[in-house]
Amino acid sequence: MLNTLLSGDRPRSLVLTALLLGVLISLAFAPFLFPGVRSLETAATICIFILLVASYDLLLGYTGIVSFAHTMFFGLGAYGVALASTHVGRGWGALALGTLAGALAAAVLALVIGLFSLRVRAIFFAMITLAVASAVAVLVSQLYQLTGGEDGLTYRIPRELTPAFRLGEVFGVRITGKILNYYLIFFCCLALFLLLLRVVNSPFGRVLQAVRENDFRAEAIGYRVVYYRITATCLSAAVAALAGSLYAIWLRYVGPDTTLSFEIMLDILLMVVIGGMGTMYGAVLGAVIFVLAQNYLQNLMGVAADAATGLPLLPELLDPNRWLLWLGVLFILSVYYFPAGIVGRLRAGR
Amino acid sequence: MSVAPDHTPRMERLRPAERLGQAAPYLLVPVLVLLGWLAIGSPSSWLTLTVSGLAMGMMIFVMASGLTLVFGLMDVINFGHGAFISLGAFLGISVLLALPGWTAADSLALNLTAVLLAIAVAMVLTGLVGWGFERVIVRPVYGAHLKQILVTVGGLIVIEQLIHVIWGPDEIFLTRPEALKGAVTFAGAALEKYRILAVGFGLVIFVAMRLVLRRTKIGLIVRAGVQNGEMVETLGYRLRLVFIGVFIAGSALAGLGGVMWALYQEVITAGMGERMMILVFIVVIIGGLGSVEGAFIGALLVGLLQNYVAFLEPKLALVSNIGLMTAILMWRPQGMMPVVKAK
Amino acid sequence: MSEPILQLTGVETDIAQYHILQGVDLAVPAGQVTMLLGRNGVGKTTTLKTIMGHWRARAGAIRFAGEDITALPTPARARAGIGFVPEDMGIFTDLTVEENMILAAASGPLEPARLEAVFAAFPPLRTFWKSEAGNLSGGQKQMLSIARVMAEERRLYLIDEPTKGLAPAIVSTMARALRELKAAGASILLVEQNFAVARALGDSAAVMDDGRIVWTGAMAELAADAALQERLMGLSMETAR
C-alpha cells in the first residue's frame, strides 16, 4: 500500500525516512502542533513550495533542462484564481475555473516556448524562458487595469475557507475556515506530489532520465527526445500553475512580488539544488530548510551583524539583507561538491 | 564523415535567392528603420527615436559581443555575464563621482578625459574579475551546460550582493559630464549629444572588433576556434589561453557596456546587469550563438524596435522584443547567422 | 637501424565505455611512408587521433623523436612537429582559403616558396585563394586539407584517408602531391583504403584488426601476397577497386 503510494520510490536511507516522516507529521498536524497564525502561514508556504520545487525538479533534475520561467507558470495559476474570483465572483466555481484556466494557460505557453527552443538546442530554453518570464512580469505590472499592477489583486474566496467561518474546537484548537483552507492545500499538495513521484517512476520518467544522461543515444534508440522534453515541460508548468492557484487561495492576494519575481525563481533553484536534484524527496527537504531559514535565519544574521559592529566589512556582510549572498555561495558550493544535494548525501552515507 | 561528391566548383555561382538569403539579416535594419518611419509619421520624432534606438543597440551589442564569442569558442554559457555589466557601471561611475572637478568643468577635454578614465578603470577591473570568475566559477564545469547555468547564476547572485556590500543597498544617481548634457537640433529633431556619442563609440568598437577578428592572427584563431576548436589545437594553438583571453575581453566589454548604459540612464543599481541580460540573451539568440555580426545586427534591431514601439504603444516595448525573437526563430531556428560547427 | 621517429608501445584507448585500442605497438621509421591498413572500424582513425592527443591513451606510451609525448596536450604535440590531416578534413569553412593557410603556418608567416609549391600541386587553391573555404567542392577541400599540412615543415605527417570519396582525377592529383612530399624526405603515417595509392606510396605497412597491429612488414611483400591480404583484411588488393 505504502509502496504503491510512493510508486516504489522509497527514500532508501533511514535518516531520510525519519526526516520525511517528521516533515509529513509536522505538516499534517501543523494547526495542532504549532498553533498560531505565523506558524500556520509557514506550514502552508512550505506545502506549496514543496510542490512547486518538486515540479521544477521534474524539469531540472529528471529532464536536465534549466528553466527560468517556473515562477511565470506559478504566477499564471495564481492570477488565474485571482482574476476568476474577481470577475466571476466569490465562489467555488471561480476557484475551479481559475485553477483550470491557469494550468491550461501554463501548459500551452510551455508548449509554445518548448517548440521554439527545445527543438533547436536545449540551452536556448534557459535563455528564452528568462526573456519571456521577465517580459510577462513587466506586462503584468503594466496592465494594471486587469492585474492591479505592482499592487496586485485582493479578492474574496468562499467563506468556508476564511477565518470568519467557525466550526468548533478540537484538542483546544478552534477550527476555523483558515484551518480548512490549510488542509485543502495540504492534501492537494500531497496528492500532486505523489502524482509527480508516480510520473518520474513511470516508463515516461525513465525515458526522461535516459534523455538527460545521453540525449544523442536516446534519440538513436528511437525516442523522440523533443517530444519527451516538451511533454515534461508542459507537465511541470501545469503543476507549477496548480501550486500557484493554491497559493492564491491561501493568501487571498496575488502580486508580482509574491508570485512572479526573479527572486522566487532563484529561491526555487536553491531549494532544488540544496535538497538534491533528480530525487523528488530533495524538494521536500530543500523547501522546508529554505522556508525555515528565510523566516528565521535572517533574524540570526541580524544578531550576528550587531555583534560584529565595529569590525571592518563584517557587519555589511552579515546584514540580514545580504542573506542572498550567503545562499549564493552555498549554491555554488553545492553544485560543485554536493551535486546530489542533501538527499544524495544521505543515500550515499547509508 | 562523408565528403560531398566532387563536381565543378560551386564558387561564384550562388543563385540570386541564395545571395538574398545571405544578405537578408543585413537588410533587416534598414527595413525596420523604414517601417518605423512609416508607422511614426513625424520625421523629427522618427529621427530622434532612430538615434536613440541605434544608441541603445550599440550599447547592447557591446555587452553581448563577449558573451556570444565565449559561447562559440568553448560552448560555455555564462549567465553571470550581467554581473560584469553592473560591476563595470559601479566602478566607472565611482571614478566619475570621485572627479567632480573634471566632470563639472566646462571643458570638453577634461570631461572626456574623466569618461575615458572611468571606462579604462571599469574595463581593467571587470576584466580582472572576469579572469577570476573563469578560474573559480567556470573552469570546474566545462562541458556540463546544466551545471554551467546553475553555477554562473550563483556567481551572478554573489557579485550582485557584493556590489551591495561595497556600494550600499541603494541606487546611485549621477549626471553626465557637462559636455555630454543637452541635445543638438538637426532637421527639427532634438538629438541628445550623449546618444550620438554612444552610436559613434559603439560603431568604433564594432569596427575595431571586426578588424581584430578579420585581420589579425589571434582573430583568425578565435573565428576558427568558434567553428572547430579541436582542429585549432591540432594546428598547434593553445585554445584554452585564447579562450581565457576572450573571456577577459568579453568581461571588460560588458564592463564598458555597463559604464555606457549608466551614463545613458543616469542611475545605477546592482540589478541593472541582470535586467540587461534579458535583452542581451535575446540579441545573442536572434543573432545566432557565436556570431559577432549576428549579435551586432540583432542588437540594432532590438534597440530600434524597443524605441519605436515604446513611442507607439509603451506597454508593448519589452513584449515586442519577444515577438521579434519569435519571428526570427520561426524564420531561422538557429538565429540569423549561426556559426556552422564543422565537427 | 636508427630510432623510429614515432613509436607506440602497448597503447590502449577508450572512447566512452568502448575499448577501441587494445594495445597498439607501432613504429614509424623516419623518412619513410608507413601505411596503416585494415578493415573499417578496427581503430586506424583512433590510432591517429591518439597520436595527436584528441583521445588520451589509457595505457601504453607514445614516443615521438625521442621524447615521451603520451601526456602532452594536442597543441604541444603539434608544436613538436606532428601535422595531422583528419578524416573529416577539419576545414574552417567560414574562413577563406588564405586564412586557412595562414592559420596552418603556426610558427610564423607563410613562406612564399612553400606557397608556390602548394599552388603548383593544387592549382584550384590559387583560383579560390580569397574565397570562403565552405564554398569549395569536396575535392578542393581535401586539397586544402593537404595544403595546410604542407604549410610548414613537419617532422611527421599523419594523414587519414586523403582520397576518400574523391573522383579519379582528383585522386591522382592527391597521390602526386603525396609522392612529392615523400620525395622530399617526409616521414608519413598514412591511412588509405585505395590500394593502388597505398601500393604506390607505401614503404612499409602495418595492418590493424580489432584494436591491435596484427602484421607489419614491407608494403611490397603485402602487395605481392594476395592470400595474406585476404587473411588480414578480408579482401585482396587485386579484387578491390
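To keep things simple, chains are lettered A, B and C as they appear, and every chain counts its residues starting from 1.
One rule holds for everything that comes next: contacts are C-beta pairs under 8 Å (C-beta built on N, C-alpha and C of every residue); 3 or more make two chains touch, one makes a residue touch a chain.
Protein names from UniProt, one per chain: A, B = Branched-chain amino acid ABC transporter, permease protein; C = Branched-chain amino acid ABC transporter, ATP-binding protein.
From a predicted model like this one, the values you see are computed outputs, not experimental measurements.
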{"item": "Separation of chain C from chain B in steps, with touching chains one step apart", "value": "1"}
{"item": "Innermost chain, where centres are averages of C-alpha coordinates", "value": "B"}
{"item": "Separation of chain B from chain C, taking each centre as the mean of its C-alpha atoms, in whole Å", "value": "42"}
{"item": "Chain A and chain C, separation of their C-alpha mean positions in angstrom", "value": "56"}
{"item": "Inter-centroid spacing, chain B versus chain A (mean Cα positions, whole Å)", "value": "34"}
{"item": "Footprint of chain C on chain B - complex, ascending", "value": "1-12, 217, 220-221, 223-224, 227-228, 230-239, 339-340, 342-343"}
{"item": "Residue numbers on chain B that touch chain A, as the complex places them", "value": "77, 79, 137, 140-141, 145-147, 149-151, 153-158, 161-162, 164-165, 169, 274-275, 277-278, 281-282, 284-285, 289, 315, 318-319, 321-322, 325-326, 329-330, 333-334"}
{"item": "Residue ranges of chain A in contact with chain B within the complex", "value": "60, 64, 66, 116-117, 119-124, 126-128, 130-132, 134-135, 138-139, 142-143, 262, 266, 269, 273, 313, 316-317, 319, 321-322, 324-325, 327-329, 331-332, 335-336, 339"}
{"item": "Residues on chain C engaged by chain B in the complex (per definition of touch)", "value": "52, 54, 73-75, 78-79, 84, 86-95, 99, 102-104, 106-107, 124, 127-128, 131, 134-142, 148, 164-167, 170"}
